Amino acid sequence: TGDTPAAEGAASSAAGVAVSGTLTGIGASSQNSAMEAWKAGFESMNQDAMVQYSPDGSGAGRKAFLSGGAQFAGSDAYLKDDEMTQAMEVCGPDGALNIPAYISPIAIAFNLGDVTELNLDAPTIAKIFTKAITTWNDPAIADQNEGVELPDTPITVVHRSDESGTTENFVDYLSAAAPEVWTYEVDGAWPADLQSENAKGTSGVVQTVTSTDGAITYADASAVGDLGKAKVKVGEEYTEISSDAAAKAVEVATPVEGRPELDMSLELERDTTESGAYPVVLVSYHVYCTTYDSQETVDLVKAFGSYVISEDGQAEAEASAGNAPLSATLSEKAQMAIDSIKVAS
Amino acid sequence: MAANQTLQRRQSQLTRGRLPSYAIWVVVAASLILGAAISSLVGFSVVGWAIITAIVFVLAATIVTAVAEGERKAKDKLVTFLVYGAFLIALIPLVSVLWTVLERGVPGLSYNFLFTSMNGVTGAVDNQAVEGGTPVLGGAYHAVLGTLQITLWATLISVPIGLLTAVYLVEYGAGKNLTKAITFFVDVMTGIPSIVAGLFAAALFTLLFGPGTRTGFVAAVALSVLMIPVVVRSTEEMLKIVPNELREAAYALGVRKWRTITKVVIPTAISGIASGVTLSIARVIGETAPILVTAGFASSINWNVFSGWMSTLPTFIYYQILTPTSPTSPDPSTQRAWAAALLLILMVMLLNLVARFVAQIFAPKTSR
Amino acid sequence: MSKRIDVKDLNVYYSKFLAVEDVNINIEARSVTAFIGPSGCGKSTFLRTLNRMHEVIPGARVEGEVLLDGDNLYDSAVDPVTVRGQIGMVFQRPNPFPTMSIRDNVLAGVKLNNKRISKSDADDLVEKSLQGANLWNEVKDRLGRPGSGLSGGQQQRLCIARAIAVSPQVILMDEPCSALDPISTLAIEDLINELKADYTVVIVTHNMQQAARVSDKTAFFNIAGTGKPGKLIEYDDTTTIFNKPTVKATEDYVSGRFG
Amino acid sequence: MSKRIDVKDLNVYYSKFLAVEDVNINIEARSVTAFIGPSGCGKSTFLRTLNRMHEVIPGARVEGEVLLDGDNLYDSAVDPVTVRGQIGMVFQRPNPFPTMSIRDNVLAGVKLNNKRISKSDADDLVEKSLQGANLWNEVKDRLGRPGSGLSGGQQQRLCIARAIAVSPQVILMDEPCSALDPISTLAIEDLINELKADYTVVIVTHNMQQAARVSDKTAFFNIAGTGKPGKLIEYDDTTTIFNKPTVKATEDYVSGRFG
Amino acid sequence: MSINSLKASTDRGRAGDKIFSGVSLAAGVLILAVLFSVAVFLMVQAAPILSADPAEVTGGEGFAAYILPIVIGTVVAAAIALIIATPVGIAVALFISHYAPRRLARAFGYVIDLLAAIPSVIYGAWGYIILAPQLAKGYAWLAENLGWIPLFAGPASQTGKTMFTAGVVLAVMVIPIITSLSREIFLQTPNLHEEAALAMGATRWEMVRMAVLPFARPGIISATMLGLGRALGETMAVALVLSPGALGASLIRTGNQTIAAEIALNFPEAFGLRLNELIAAGLVLFVITLIVNMIARFIITRHKEFSGAN
């Protein structure tokens, strides 16, 4: 009886300090697979350290973090302004840090027999999901896909039944890129007026789409398997979903205004026309405190945080979760932020 | 001569108007044919055929009996059919679920699965297993331990409290206001959504021990909130039907009330109490939601219910299904989830057997 | 060991229904008293008040005093368990414990009270009690079998054996021979005679001859009509009751002239 | 209406235990037959085989034939329900339904065959049956109360009322008067005499006088020893059995000289 | 005055009784305390929703407008579950106690108990993987042929993840609860009463109706209430099986939601007022359970006199 050994690693952390103790995180389930990889990688390098992460959900994670129930949170959205203020209570006067750790493109995935690729622009996608377009051979779709034989199958929209970061990012994209069609509020919950088939969790929607002819959904790209994936119109071209395209979309994002210098909350530019960028993308953050009570914790947090954003860490995550790695520039900025974490005075 | 004899043998008065035993088979055959005919009209399928045949048979057999043997016999037959039918109907989901679990779970049951945890098992490991066709690594050992410990503690908390409360309600508290209050709250408690029980326990321990107190014990407390009403209510019902003359017999021997309860009343009701307790354990051992918010989620082994996070089989299953270790190749996770489900079912079955055994030891010797 | 019972102004109720009214009776120690009277007149009800079994029924209650050697059973400081330990009872309807073997049924009073008893003492006690109830021969080969697999009369005798096994100071028996054949009946009557030497015995019986044979004193209960309470009509030496009762109703009843 | 019963070579078992062995008996229509014998000899067991109640007990079974007017009750094509509808029974232990009122208890059997019985017919029947069982006066004011709140003897009479309400062709009564006072006993004996005009009646009794008073024929059962099966020793006209029985054991038993 | 011998020995002897009744009482009071604190917890957490600006509540029209549809959904799901599970559960219990061949009955009981052994996640997964697609075919048929009945109004869900499916899954989960308790009580029916019925020439069913069911009546009601509790409070299975949506009369269309599933689905991302809202939903469920149970208790106590224990 024993644990499955992961790759045997050197007994020292990236920062070169031997760290120990247990680091507790709670948060987004989107990161879970990547987190397993980070945990395994980090623990194999730091035999005395342990990381535990409970994928309760972004909201639950932020809540726990803000009440002192977790040392870091995983969140599909950066802390809102009032949350930043609240964070000062547990984290000291400088509050919390949002650091992007996990980037994943969101696929618009469908089940349409032999058709595995479709070109769609944002208004068309929005119309499909608002049920303005109801069959697959609708001219709006056909016009963008000459040569593709589209059946007259009715379109079954499948969305998430639980509140989720994926939904929030997807509808954020729709409302930015097709504002005339998509007039709903940006929220983690699917608009109540647009109820359709739905399922719990990424695996749930994927499963439902896989078993329903003519169904379409949005889901973390790594999880959609053999389903067809839409190429999304960006500028004048249709961009295929890929890690690079996603990373590129994140790179062109702008920092959120009014945040501390080192905070890395990102405002994604969903309506970007940058060629080769895929703007339907989810950025999941790690939220740390700027100060912790003990040196031990500070060392642990820094060691782990650094590992996560390091090239190694991102590579491990990609190998496990199939997400997109952080670009070198982002990584660098993140490292600076993490380095600023210190013991509360 | 022989013919003469048969002529002379008169019909028994007692069997007059009774259907011959082959009649039932005639009805069966007729129903099968009629069922086939009707179902091919609607669109033939084996399931449809079976359903229509069953309905036709029940109706026909009842009518035939009603005509030949009278209304009372017909009613009796009808109920018999319905009772047998109900059993068969209840078997359908059972067989279906068990089959699903077996089919998907058996391939995942290996020594490795039973005796390792998920520590260090990453998506990359799973990808490798899928691509390289190597065995799936990682197991549910930690979750089995978690399940056993948390359920054990929940049982240790709820069963004594539940039993004693039921005893109080039936034996001591008849007619008292306190009894009414307890009954009232226990009733309400039966409908607590499991997640609310979890949130309550989490809030309670946060209040007592500070934020972020997540341990197996907190989960056990949450489960107790769910278990207790089941234990109380089933025990209460079983105690109520113990004949008063047995209590009187004991009292008349100068036996104290508490001894009468423990030595006479409870043994008489033990089989039902054991059923109720097993039921309550089965109910909570499969809970997911309250564990998630109370015990955290661990991928490695933890022997201590009072500190550190813990997984149970249901949370393990839940996360393996909903957030597969490797999103790109979820099959290993799915396999582990079903294997864990199978394991959990086996555990409850075993528990059931033990409870029945215990009940058997104390059960009334009812040879009469 | 044996004790006397004095009942003063006893009223017995089932909730609001007054079942037995205003009973005054003095039962001597070391004597056998028989209660007779028509069915439903309150014999069982009254008998059950003598060891506080009546109050076990929901809503049932008692007014008045029952003195055991001068101590009131119904005194608020008195523990009914103590009372019942000293005053044993055999019920009208045999009620062996279904969870227990025949042997355990006999030992129930000992075992349920958690008194320690050696195996050989227990064996002796079982044999002695069952002999006393004239059941030993019939069950000696199947002491381990459940008590519920016995014939009606056997169950009744088992309950008698169970009651005498704890040696109470007073024994109340509600129609102990109702399901018994003449042989067993005589055996039980012998038992009662034996018991009388040490204990106080009260029996309810419908069998006049039996009352005449075994009892020293006889109490005749009667009921005036439906819904009326039962009353103690006459209580006297058995010979007096059967030969020259003072009350007409008694005479009618014992002589078989009714109504 | 009444039917005769002929029993041929009947063995009655409780699982492996042979409780009653090799009974042959012919019971005439429109007669009263009494079964007597020591406790535990198998009277109840045998009586229960006459309307197939025996087989209700797990493991209990029967070998041999019981003919009701020539038709074997134990024929595989016979439905026990039909048998029991024609042969009514009063049990040794009174068993009114506690969940029913007194009135409903009496009507329980009647309602089976006759759902739409009018209220006034039902009332008449209830009164008639309870009168027959000599219980009417005692319960007429509380017909709506539960049957379990009655005295022992009242419950027994309630069960008798319930059994006669359905007018079965044969009535089996297991110690019907065991818990009854002499008045009620006589009433029930009168009832039996009345019933005899139309029905066949079989009673088990421990009361020799009763057997002598009411029965036309008497069957004496006995048991040789523990674990041995009960046997039918002698069966004859009641006067013969009580005055000059052919078997010594019978003579000993009826004359009160035992063993 | 003589020393009352009846009082003399009491004190020591009574200790056991005192302790036992004291401990039982303590257990009852403890439950009361726990439940009371659960109630307080819920009320405190739910309170902000009452004073909240209606526009901030999900749906934007205040808490009542938000909760009412899911209250109805919860009740409907539980009702479907009980309508199926109660007769089936009782019939199965009867099958095991009075109909099945005696030698096999025990084994059958064990088999049915297995239904209780299956964790709710698995019911959920089974529900949407196996059951829903099967039922979806039936739904299409119903929508086509009986669509004029509002309950079966189309368009039928293609995935089959509807209220009716959720009700069926709940029914399957409730059956073992009803069966197990009812069976134990049926088995305890006094032989005397069963025999009394049989001896009158009752058929097996008549015997059951005359002796068994009245005897078991309070127990059956309790069992049903326990089952109802499960149906009302079940979280994960419904969350996985139901494809929730706005309230609608049709049981075979996508839509409707239950309170427990609403909480489970939204809790992970819930924050601030939303959290209060979800807990308030839990409180509402409390109240529903309470009302139903009070009715049940009322029915039981009304017939107390005729209880079978005497």
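Should a chain be cited, it is by its letter among A, B, C, D and E, assigned in written order, with residues numbered from 1 in that chain.
Please note the rule applied: a contact is a pair of C-beta atoms (placed from the backbone, for glycine too) under 8 Å apart; a residue touches a chain by one contact, two chains touch by 3 or more.
Quantities reported herein were computed from a predicted structural model and do not represent experimental measurements.
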Determine the set of chains touching subunit A that also touch subunit E. B
Which chain pair has the highest count of C-beta pairs that touch? B-E
Approximately how many whole Å separate the CA-defined centres of subunit B and subunit E? 13
What whole-Å value do you get for the distance between subunit B and subunit C if each is reduced to the mean of its CA atoms? 48
Using mean CA coordinates as chain centres, what's the gap between subunit B and subunit D in Å? 45
Chain centre separation (subunit A, subunit C; CA means) in Å: 84
What residues in subunit D touch two or more of the other chains? 14, 58, 81-83, 93, 112-113, 149
Sites on subunit A at which at least two other chains make contact: 29, 56, 60, 200, 204
Which residues does subunit B have that touch at least 2 chains other than itself? 72-73, 76, 243-244, 256-257, 259, 293, 321, 367-368
Flag every residue of subunit E that touches subunit D in the complex, lowest number first. 102, 190-203, 206, 210-211, 214-215, 217, 303, 305-310
List of subunit D residues in touch with subunit E within their complex: 51, 53, 56, 58, 80-86, 88-89, 91, 93, 95-101, 108-109, 112-113, 145-146, 148-149, 159, 162-163, 166, 168
Which residues of subunit B touch subunit A once you look at their complex with the stated criterion? 115-127, 137-139, 141, 206, 210-212, 214, 292-293, 296-301, 308-309, 319, 321-328, 330
Can you list the subunit D residues touching subunit B in their complex? 14-15, 57-59, 68-73, 75, 77-79, 81-83, 112-113
What residues of subunit E sit close enough to touch subunit A in their complex? 58-59, 128-129, 133, 157-159, 161, 239-240, 242-246, 254-255, 265-271, 274-275
